[in-house]
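Here you go, one structure.
Which chain is which? They are A, B and C, in the order written, and residues in each are numbered from 1.
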Amino acid sequence: MVPVSALARNLLTSIVTVLAVIVFNFTLIHLAPGDPVTVMVGEMGGGDPELITRLQQQYGLDRPFAEQLFTYVLSVLTGDLGFSFYYNMPVLDLILQRLPATLLLVVSALCLAIVIGTALGVVAAQRPRGILSHLITVISIAGFSAPVFWVGIVLIIGLASALPIFPTSGMRDVTNIGAGIWGDTVDVAYHLVLPAFTLATVYLAQYSRLARSSMLEVLSADYVRTARAKGLPERLVVYKHALRNAVLPVVTIAGLQFGQVVAGAVLVETVFAWPGLGRLAYESILRRDSPTMLGILLFSAVIVIVANIVTDMVYRMIDPRIGARA
Amino acid sequence: MQPLLSIKDLRISFRSRTSQFAVLEDFDLDLQKGETVCLVGESGSGKTMTGLALMGLVPSPGFISNGAISFEGREMIAAGRNRAAEIRGKNIAMIFQEPMTALNPVFTIGEQIAEMLRYHEGLGRKAAIERAVELLRAVGIPEPEQRVHEYPHQISGGMRQRAMIAVALACSPQILIADEPTTALDVTVQAQILDLLEEVQERLGTTILLITHDMGVVADVADRVVVMYCGRKIEEGPAAEVLADPRHPYTSALLACIPRPDPEATTRMKLLDIPGIVPAASARPAGCAYAARCAFAFDKCRAERPPLFEVAEGRSAACWLASKEHSQ
Amino acid sequence: MFSRNGSAVAGLVILLIILFTALAGPALYGVDPFAIVSGPLLPPGDPDAPLGTDGIGRDILAGMLVGAKASLIVGATAAALTMVIGISVGAIAGFYGGRIGQALMRVTEFFQVLPALLLAMTIITLFSPTLTTVAVAIGIVSWTSVARLTRAEFLRIRNLEYVQAARAMGARNRRIIWLVILPAALPPLIVTATLTVGIAILFESGLSFLGLSDPNVMSWGVIIGQNRDYMLSAWWAVTIPGIAIFATVLSVSLIGDGLNEAFNPKLRER
């Protein structure tokens, strides 16, 4: 279905972009005043110049910038993202260890938002002046305007006093160790409810509005009139002929948002102490743990690129017109 | 003989927050089995709205505010009921002006034909696709076995209109409404599509209601012609007689707009040559709506709207000049 | 009947009230937002602190009034920067097209790949957390969508007849870009600018919440961030600043929505 040439061109562009990202991030971090060793040693309270020099030599920080960059690019290309000063483990392992939690959070939130948002938008589009339509307009503006971390906090405050069922912090209960796979799943699911719901509110506002306007546009298309003229029942007209076209922009936006998965989760992960990549990013930035910072920035960019390629392929499959043009 | 379809006193109105006005009024029309009737008029004359009313698809905020439509003697629209949905697609089918946009871009041609057979006739998926291939062959699409799996954007405009006709014919409807089916196409393709419609009619005995603004098309295919202006029928009669001897000045003006055969011309001329503008549906004059543009208008035309006068067997015209007292 | 123009006016009224409060508030209520005025976590309604105190006994109302300025200024500056970068890149890419256009679009795509919030956080941490750094960081990471919109508008407008006429009359490229095409592209850009102000304010509040802002300047996000640990015992310290952020962004969004509708009468049907 997907033309090989388009895929190959995509991959080539992506490799160039990844290289550019590596160079950009590395340069950015080295443009900053003060190097990580000085900051770290300073934080530990020691100011021993000899120690600093030794550490700088150990990490190659005394070499010329071009050489450091070259060494870094080479090691990244061999799959080595460096070693974290702070966590004392390889950056790649650190990232892979945190990735599942973030994926779980963002994918659940996105799925929730896409399914509910699209359904609401589609129903509302059939009565563009109805109550649901106006409600969606209001909710989407409100959802856009509320700071996501604040939504989380309000949920915690509200639920903690009124309905203290769901845990407000972390991903697992410390007392729950050894509960088995089933017990663990239930535990994680409980912890997931609030953060996923918080993140989903923000996405939901966007999807309901997008689905509504997309569906409104499609419903006035000539081919929908044709479908009606064919004597098909309204159910088929709306949910087959119109919906299939109306979801196209939803797919694009979902792909883009999935790409921003790590960055999008930082605030919610911080509010709910969710042990994901976003929190790792935040912590490493605070500690000026540059290998980890660089690693996460690169990893996030790679996720965006992969998500773009996947979105493009999915789009080609569901919209026959694009496939033909390439 | 009982007509296949009969429209009586139809009125279609549009309602806005502040006002209500009619886009079609006092409209009567009988369609006999196997004939081709052309509805002719400029845009805004109500011709497309008439076609959509027959399908029960008058777009909101428009609605049928008066009249009755009966199909094979059964009331379809009367007393607020709307049973058009029961016969739509199956007994009465419609094709549209823009074959580019009238087919759904994300489904194959075959799927869009097969869907009719599966829904209306309960055919299985495979049987429906096989019938779709036959239908594509019947409307003159080459290599139908391949085309059936292609998407609308992969075939030419003329082929798309043929595919659209195949969709409409899928359930062998008694009536085919064609709304400007050739306007968006090249002249050579226009002629092919009109030929195809005539061929279909001969083969299946389908009644065709062809909506057009083009008197040249009327001359080509029509048995009977109904000329519309500002939401009203203003002249009706056998096509040959009306074309040879129009009784309404508007019909004469339309006929004068047919261009001479010109090998250079790529499209037929539109009706822009008649001086003056069409009054808006919300602000129609008290007298004859055409009076302001009519070279023959006199005081009575502006004061009082002429009813339809029967001018000969099966012919009528809504013009004071066609009335008995005037001709005496 | 829900009227969008009505809500746009409501948005304008809310925004004016907020602006007035930000300008006149600190003068009318002369409490130092950094001074410890009373015991910690005093609930609202206290005579010393009408909106209560925070975790170390500072006056929330004073923080709200003084913090408004930083939130609004950083938001507005960051939005202005976003628009300037985005419009410049988009205008040049759309007007010249060809290799320059291609190259600029590559740069835009490159910046779209970078994770916006993470990059902003990195920039702020690396280069001292001042209000300027925060505004610049937000501008650097958010201009791409403005550039794409501007480019699309320029591509559409540059072939219109009156632009061709200006060209035929010997107008220089720079004149055509800024004085002929840009004015025609303004309506969608104005709507985007309004929304960008809202996004920038949210962005700033998120960064301050994470503690990535000037520690010597009070802002709404800072109040929430500093009292995050007390959210269950002192709801007011985290809820009230959030309401202010929400109201500000909401007012701007409502205005943007109203402008959008005013520029596109077709949307009124929806």
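Convention: contacts are C-beta pairs under 8 Å (C-beta built on N, C-alpha and C of every residue); 3 or more make two chains touch, one makes a residue touch a chain.
What you see is a predicted model; the values in this text were computed from it and never measured.
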{"item": "Remotest chain, chain A as reference, centres from CA atoms", "value": "B"}
{"item": "Interface with the most contact pairs, given as the two chains involved", "value": "A-C"}
{"item": "CA centroid of chain B to CA centroid of chain C, Å", "value": "55"}
{"item": "Rounded Å distance between chain A and chain B, as computed from the means of their C-alpha atoms", "value": "54"}
{"item": "Between chain C and chain A, distance of the C-alpha-averaged centres to the nearest whole Å", "value": "22"}
{"item": "Touch list for chain A against partner chain B, complex", "value": "221-223, 225-233, 236, 241, 244-245, 318-321, 324"}
{"item": "Contact set on chain B toward chain A in their complex", "value": "55, 57, 85, 87-90, 93-94, 96, 98, 101-107, 115-116, 119-120, 151, 153-154, 164, 167"}
{"item": "Chain C residues touching chain A - in the complex, by the definition given at the top", "value": "2, 4, 109-110, 112-119, 121-123, 125-127, 198, 202, 205-206, 209-212, 221, 224, 228, 231-232, 235, 238-239, 242, 245-246, 249-250, 252-254, 257, 269-270"}
{"item": "Touch list for chain A against partner chain C, complex", "value": "17, 20-21, 24, 28-29, 31-33, 128, 134, 137-138, 141-142, 144-150, 153-154, 156-157, 160, 213, 216, 260, 262-264, 266-267, 270-271, 281-282, 285-286, 288, 293, 296-297, 300-301, 304-305, 308"}
